[in-house]
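In what follows, structures are represented as C-alpha cells.
You will see subunit A twice below: alongside subunit B first, and alongside subunit C after that.
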Partner chain A sequence: MIKLTSDQLDQFITSLAEMWEVRLPILLSDGTRIIGSLKDGPLALLGGAILSKPTAAFFPQHGTVFIATEDGVPESTDSLQPIFILGFTPRDLACLRFIDRFFADGFCDDLYFHQRKSAVVAGISGYCGPYGSLLAPAGGDCDLEFFWEGSSWLVIPYSSAGKALVAEFTDSAPPEAENRYRQAVMTPPDENERFLRRASELLRGNSVPDSFWVEIGDRCIACTGCNLACPTCTCFGVQDWRSAKRVERSRMWDSCQLDGFMREASGHNPLGSEAERSRRRIHHKLAADPEKWGEISCFLCGRCDAVCPTGIGIIAVARELVTRFG
Partner chain B sequence: MKRTLTVCPYCGVGCTFYLVSDKGRLVGVEPSATHPVSRGGLCVKGWNAYAFVHHPDRLTTPLVRRDGLLCPASWDEALNLVIEKLQAIQAKHGRDAVMFASSAKATNEENFLLMKLARAVFGTNNIDHCARLCHSSTVTGLAETFGSGAMTNSISCLDQTEVILVIGSNTTEQHPLIGSRILNAVRNGVRLIVADNRRIRLARHAELHLRHKNGSDVALLNGIMHVIISEGLTDRDFIAARTENYDALAKSVAEWTPERSADATGLKADEIIATARLFAGAERAMIVYSMGITQHSHGVDNVRCIASLAMLTGNVGRTGTGVNPLRGQNNVQGGCDMGALPDLYSGYQKVSDQKIRDKFARAWGVDELPESPGLPLTRAMDAASAGHLQGMFIMGENPMLSDPDQGHARKVLENLELLVVQDIFLTETAALADIVLPAACYAEKEGTFTNTERRVQRLHKAVAPPGTARADWEIICDLAERAGYPGMRYNNTAEIMNEAAALTPIYGGITDDRLDQHGLQWPCPDSSHPGTPILHLDHFTRGRGRFSPVTHRLPAELPDEQYPFVLTTGRTYFHWHTGSMTRRTHLLHREEPRSFIELHPDDAARIGVRDRDKLLVISRRGQVHTEARVTAMVIPGVVFMPFHFAEGAANALTNNILDPESSIPEFKVCAVSVEKLL
Partner chain C sequence: MSDTPCQRSLYQPFDCEIITVTDLTSAEKLFRVRRMDGLPLGHLPGQFVQVSLLGWGEAPISVASSPTREGAFELGVRNAGSLTSAMHLMQAGDTFGVRGPFGRSFDLQRLHGQDLLLISGGCGLAPLRSLIQYCEDRPDEFDQITVLYGAKSPGDRLFKDELAAWEASARFACSLTVDSVPGGDCFSGSVGLITALIPPLTIVPENTVAVVIGPPAMYRAVIAELKKKELGPERIVVSLERQMRCGVGKCGHCTIEHLYCCQDGPVFWLDEIEHLRGAL
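For the complex of A and B:
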C-alpha cells in the first residue's frame, strides 16, 4: 500500500497530464463539484459522490453515432487520448461494473467502449464522504483506488494498468494506516442497503399494491432526472438531423418516466400511466435486473434522490414501501 | 470537456445548470448542485436545453427578400437595408409608423438596448414585448394596488407557509421546479387549494379543488372575500395600518354572498365558504397565480381581486405570504424591468414624466425623447391594418403563432411595408419577413436574465454561434451605429448593465461581478445592498396598499348554439410557446408530436368522438385540424388546446379582444364548435 500526502498526490496528478487526459473532481464557481479538468477549477476530492454521474465519461448525455455525407461515412480521424478518471466512489464503481457488463453483453457497444477500453479508472474512498463520513473501500472494480484516511491518501493498485501507473512509488503506508483501511473494508451494510434489499423482496413477492404506484406517480413531474442522473440507467434515444447532403445520427439519454418512451406508433402505450412508469423505474432495478443479471442494479449512489425535485428517488421510495408493506 | 454555468432559457423559475461542451459542441447539461431554486434538479426542458442549439435549421446568415424569396445576404447589406427602410418609412409616415418588438427570451441588456434604439435612435415609444400577452394585467393591477407589479415574495417562501392558494396556474407543468416545491410543501403539511377547472397534477394533492367556470374568477374571489368579511376573519390591524379604501371593497363584495358567487362560478356555496375559512384561518398564506388569471378581457380586475384578498388577510410583506404571479418566460420579468414597454422606461419609470425623460435624454446624449406612450404589441396589428404602422422590427418573437386571431395577424404582417425579424430559427413569422437577421441563442452569448422572484442571474457563453450569427446586443449596436447614433458602443454586456443600473434605481446595485454564485434579487439600489427577497415589508411601494373593488364582467365571447364549447388555451409541459426550440429537441418533440384538443368523455360520447380521432375545431375567426384527447382533465363543455403547433394552431381560433387597461388578449375564453373529420 502506498501512502501519498496531498502534495504528493498533486504532483502525481500533474505527472499524468502528459500521457492522459486527466479528469477528476473539481469545484466550480457556484460551489458545484463536477468531474472535469484542473484547468477549470481547483481539485475537490473530499465531499463524496459528484452530483453528475461519472459514467458520463463513457456514455455521454449526447453522442454522435455517425455523420454521413455524399461520400459515405468518413472514418473518424480524431486521435484518441486515453482518459485517466478519478472520482468514482465505491458505489459508482459498482455501477460502472454493471454497465460495463451490460454494454458488452451480446454485442459490444463500440461507442461506449471507444473511450472506456483505454481509460484508467480510479476509485475514491475513505473518510472523504459528506462531512468526513466513511466511504467503504471498493476493494476492486477499478484500476486503482485512493483511500483518504484523514490526513493522507493510501493508494491501492488492482489492475496491471493501475500498478504500472504507481510503479515508481514504494509501499510506504504505515501499519496504523493500513489498519484503518482494513477496518473500513469491514463496514457493515448501511440502513439504505437493508431497505433496498427488503424492497426488492417485496416487489418480487408481488406484495406492493398498484395504489402505491398511483400515489408515487402522482408525485412524479416527469423531469427525467432520476434516469439521467443514474449511472446504471442505459436507455437512449436516437435522432437523425438531416440537412442538404448530410445526416448526423446521434443518441441521447432517454427516460422511462416519459410517456413517449414506450408509446407505440398506434398510440397504444404499455406504460401509459405515471403509476406504471414509476413502478417500472423501481421494479426494473429491484426485480427485473436481479432476474436477468443476478444482482440489484441500484448501488445506492444517491443521485436519483438528490436530483428528484419531488422526493421520490429510489431510496425514498424503498423506505416508504418497506415502512408500509413490510 | 468544458462546463459553462448558465441560466435555463425556458421558464421564469430560473434554474441554473452547466452546459457541457466538447470541441465547441454541446453534449449535455449538468444541474447546479447549489442553486437556491433548482437545488440540484431540473425539469425535462432544462435537462434537454442543450439539444436544439446545433440544429441544422439554425439561421447562419442574414436573409433578404428578393423577387419574393429570402436569399442569403451580407450583414452590411442586410443592416444597411434595415436602417434605410426604417428611416424611409419614418420620413414618409412619421416616427410612430415603426414598431419594435423586443423579447422575453433575450437578455436584460438586449431588452435595454432595443428600447434605447427605439426611443433614442428612432424617436418612438413603440416598443413592447410578449409580457403584453402574459402578465401585463399583473403589471397594471399590482402597480395600482401595491405600487410594484412583481412577485412579492421568494420561491423559498413556499417552504415556510401554511396554506397555498394556486389559481390559474398549472404549476407542475409550466413552472415545474416551483410546482415540485409545492408538492413537497404539501407532503410536509402545507394545505393546498387549487382553483382551476382543469384537473391539473396539483389538484390531485389539493385539499380543495375549485373547478369554477372559465372567466368567473372575479365572482369566486369576491365570494371568498365576502365570507372572510362577514365571518370576521379579516386582519383588522393590517387593514388599518397598511391599506386604504377598505370600505369601498367591503361595500362592493357585500352583495357577493356565497350563494351568488356559487351561481356565477358553478361551484357549491360550501366550497367557497370552506376556501375562505381555510385561507383566512392561516397565519401565513400565499397566493400563486399565472395566465389563468391574467389572460382575460378582465385580467386586471382579476389581479385587483387577488391583491385585495391578500391584503384583507394580512398576507403581504412577510415570509411565507404574498401575491406571487409566476412569470412565464425565462426573462419576461427582465424584459419589463428593462423598459421594453410602450409607456415605461427601465425600472417602471414613466415616459410621461418630464424629469425622467430628461434623465434618459441626458444619459443617452439626445436632445429629447418621445413623450406620448407607444403602441402595445396587441394593438399593433390593428394599427397596421388601419395604416398607422408600416414597419416592424421583431426580435425573438413569433406572433404568427403566439398572437390571437392568426388569420388577422398574417394579413397584417404580409401587408407591412417592412418586416424585419431577428431570430435563431426561420419561425413562421420570420418566413414572412423582408429581412431576417440570424441571432445567437442563449448558449452563445453573455448577459443576464431575471427570474420570476426578481433574481438577476448571469448567463455565460458556452459555444460560438453558428455561421455568422451574432448576439442580439451586437446586432442592435451595429444598427444604431449605421443609423448615425454614436451612443451605443460597448465592449461587453457588463458595460450595458452598468448603464442600465445607473439609470434604473431598482437595479442600481447590480453589476456583473456581484452576480456570480446565485444572482441578486431586485430592488437592489446600491452596490452594498444585499437584494430584496420580500417586497412591501414595512410599507407598500406605493405607501399604503389600495383596495380596488371590481365588478364582475363576463368573458367577451361565450358559447352559443353554433359554437357550443368554451375553448381555453395554454401550453403543455414538454413544449415551449411556439415550439421553435422544443419541437427541434428530439425527446420533447417525441412526447408531444402534434396538436391536440382535450375533450371531456361525456362531450366526446355525445358528439361521437373517440380518443385520437381527427377533429375540426371552428371559431368565428378560423378553423384548425387537430386530434382528440378524451380526458376528464377538462370539465364538460370546455375544451383545451395548446398553442405550440403551427399545424393545428390554437391561435387561429382565439379572440383578439383586449383588456381595456392592460391590452392583454382573452386567450383563456372563446367559443368554438368541434366536429369529427370523417
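For the complex of A and C:
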C-alpha cells in the first residue's frame, strides 16, 4: 500500500497529463463539482460522489456513431488519447462494472469500448464522503483505488495497468493508516440495501398492485432526471443530423419516462401511461435485470433520489414499497 | 479492461441496392434488394434488418423473403414514418444501408415434421411470408400447411398474387378474409375477422404448431381461439413488433420485462412471454 500526501498526489496527476487525457473531480466557480479537466477548475476529490452520471465518460450523453460525407463514405475516426479517470466512488465502480458487462454481452458495443478498453479507472474511497463521511473501500472493480485516511491518500493498485502507473512509488503506508483502511473495509452495509433487496423480492413475486404504480406515475413529471443521472441507465436513441455536405449519425441518452420511448410507428405503445413507465423504471433495475444478469442494477449511488423533484427516486420508491407491502 | 473482443463497428451499415420496387397496396411497397458486395444477407425466416437511410436514421424492417430464394432479399415497407416515407420515394438503382440480420428466427428444427398453421393479419404477412416461401421451397420438411390471412379491406391485402397462388396450390390450405368491404367495392371473398377462420379447422394439437403475426389487437383473440382447439402455448409461436433502435440489445427500446425483443425475439414461443407484462 502506497501513501501519498496531497502534494504528491497533485504531482502524480500532473505527470499523467503527457500520456493520458486526465479526468477527475474539479470545482467550478459556481460551486458545482464535476468530472472534468484541471484546466477548468481546481481538484475537488473530497465531498463524495459527483452528481452527474459518472459512466458518461464512456457512454456520453451524445456520441457520434459515424459521419458520412456527400458520397456516403464514412470518415475514419481518429485515435484518441487514452483516458485516466479518477473519482468513481465504490458504488460508481459497481455501476461501471455492471455496464461493462452489459455493453460486452452478446454484440460487443464498440462505441462504448472505443475508449473504455484503454482507460485506467481510479476509484476514491475513505473519509472523503460528504462532510468527511466514510466511503467503504471498493477493494477492486477498478485499476487502482485512492483511499483518503484523513490526512493522506493510500493508493492500492489492482490491475496491471494500475500497478504500472504507480510502479515508481514504494510501499510506504504506516501500519496505523493500513489499520484505518482495514477498519473501513468492515463497514456494515447501508440499510437501504435491505430495502432494495426486499423491494426486488416483492416485485419479482408480483406482490405490488397496479394501483401503486398509478400513484407513483401521478407523482412523476417526466423530467427524466432519474435516467439522466443514473450510472446504469444505458438506453439511447439514434438520430441523424444533416448539414450541407455531411450526415452525422449519433446516439443520445433516452429516457423510459417519456411517452415516446417505446411508441411504434403503428401507434402501439407498450409503455403508454405514466404508471407503466414508472413501473418500468423501477422494475427494470430491481426485477428484470436480476432475472437477466443475476444482480440488481441499482448500486445505491443515490443520484436519482437526489435529482428527483417529486421524491420518487429508486431508494424512496423501494422504501415505500417495503413499508406498504412488506 | 483490455481483452474485450470488439470487431468492426456494430453500427456501421453495409450498402444495398434496390433491384425493384413493387406497390403492394396504396401504403405498402415491396423492395427487392441485393448487397452491393455480392454477399447473401445470411438471414433465416423471421429475422429483421435495420434499414439505414442517411439523414433519416434507421428503422427495423422484417425480411419478407426466404433465404432459399437466393440472390436478393425483400423488404415489405409500410409508409408510416419519416424514414419509410423517404424510402417510398426510392426507385430501382437507388442505394441504402442495412445492418443485420438480427433477432431470433423461427425454430425450423422444432417446426420440422409438424402441421403448420400460419396465421397473419395486415402487415404481419410480410415477416410470415419468409416462412411461407421457405415451406414452398422445402415442402418435404413439414406436414400439412394451412395459411390464414386477414386484412382490413380487399385493398389492404398484401401480396395479392401470391395469396392467389397459395390458394390455388395443392401444398397449402389457404383461407383469406377481410374485416369489411368499403361501399362500392366488388369483392367475392370471405368477410369477417380472422378469428372466424379458426373454428372450422381440424387441428391435431400434438402435431401442430401455429405461427401468429399481426397487429397487437389480433394476438389475444387469435390465441384464445387456438387454445379452444387445445393448442398449448408451447405450440404457438408469435413474432412481436417493437421499436428496435439498435437491433443488438443495447438501446433498451424493445424490452419486454427482462427480454430484449431484438435479440431474444422477435420470434417467441408463447409460453416464453405470455406471462410477461406488456408482451401481448
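As a working rule, the second predicted complex is superposed on the first by the 316 of 326 C-alpha atoms of A that agree within 3 Å, B and C clash if a C-alpha of one lies under 4 Å from a C-alpha of the other, contacts with A are read in each partner's own complex, and residues count from 1 in each chain.
Assume a contact is a pair of C-beta atoms (placed from the backbone, for glycine too) under 8 Å apart; a residue touches a chain by one contact, two chains touch by 3 or more.
The structure presented is a predicted model; accordingly, all values stated were derived computationally and were not measured.
**Student:** Just checking: does A:Val185 make contact with subunit B only, subunit C only, both, or neither of them? Give me first, second, both or neither.
**Tutor:** neither
**Student:** Just subunit B (first), just subunit C (second), both, or neither: which does A:Ser37 touch?
**Tutor:** So A:Ser37 only meets subunit B here.
**Student:** Taking the superposition on A as described, I'd like to know which of subunit B and subunit C A:Asp254 touches: first, second, both or neither.
**Tutor:** A:Asp254 contacts both subunit B and subunit C.
**Student:** Contacts for A:Leu80 in the overlay, against subunit B (first) and subunit C (second): which applies, first, second, both or neither?
**Tutor:** neither
**Student:** Could you say whether A:Arg242 touches subunit B, subunit C, both of them, or neither, answering first, second, both or neither?
**Tutor:** A:Arg242: touches subunit B and subunit C.
**Student:** Quick one: is A:Leu228 in contact with subunit B, with subunit C, with both, or with neither? Answer first, second, both or neither.
**Tutor:** first
**Student:** Applying the touch criterion given at the start, work out whether A:Met19 contacts subunit B, subunit C, both or neither, answering first, second, both or neither.
**Tutor:** A:Met19 contacts neither subunit B nor subunit C.
**Student:** Is A:Ala164 touching anything from subunit B or subunit C once the two structures are fitted on A? First, second, both or neither.
**Tutor:** neither
**Student:** Can A:Thr310 be said to touch subunit B (first), subunit C (second), both, or neither?
**Tutor:** A:Thr310: touches subunit B, not subunit C.
**Student:** Do subunit B and subunit C touch any of the same residues on subunit A, and if so, which?
**Tutor:** Correct list for subunit A: 237, 239, 242, 254.
**Student:** For the complex, give me every residue of subunit C touching subunit A.
**Tutor:** On the subunit C side, the touching residues are 1-2, 4-12, 15, 52, 54-59, 78, 80-81, 84, 95, 215-216, 241-243, 245-246, 248-259, 263, 278.
**Student:** Can you name the residues of subunit A that touch subunit C in the complex?
**Tutor:** 65-66, 68, 72, 74, 100, 102-111, 113, 116-119, 121, 143, 159, 161, 234-240, 242, 247, 249, 251, 254, 256, 261-266, 268, 270-271, 276, 280, 283-284, 287-289, 291-292
**Student:** Write out the stretch or stretches of subunit A touching subunit B in their complex.
**Tutor:** 23, 28-34, 36-37, 40, 51-52, 56, 60-63, 218-219, 221-225, 228, 237, 239, 241-243, 246, 248, 252-255, 258-260, 267, 306-311
**Student:** Within the complex, which stretch of subunit B touches subunit A?
**Tutor:** 1-3, 5, 16, 18, 20, 22, 26-35, 39-44, 46-47, 50-51, 55-56, 172-173, 176-177, 179-181, 183-184, 187, 201, 204-205, 516-518, 573, 586-587, 590-591, 611-612
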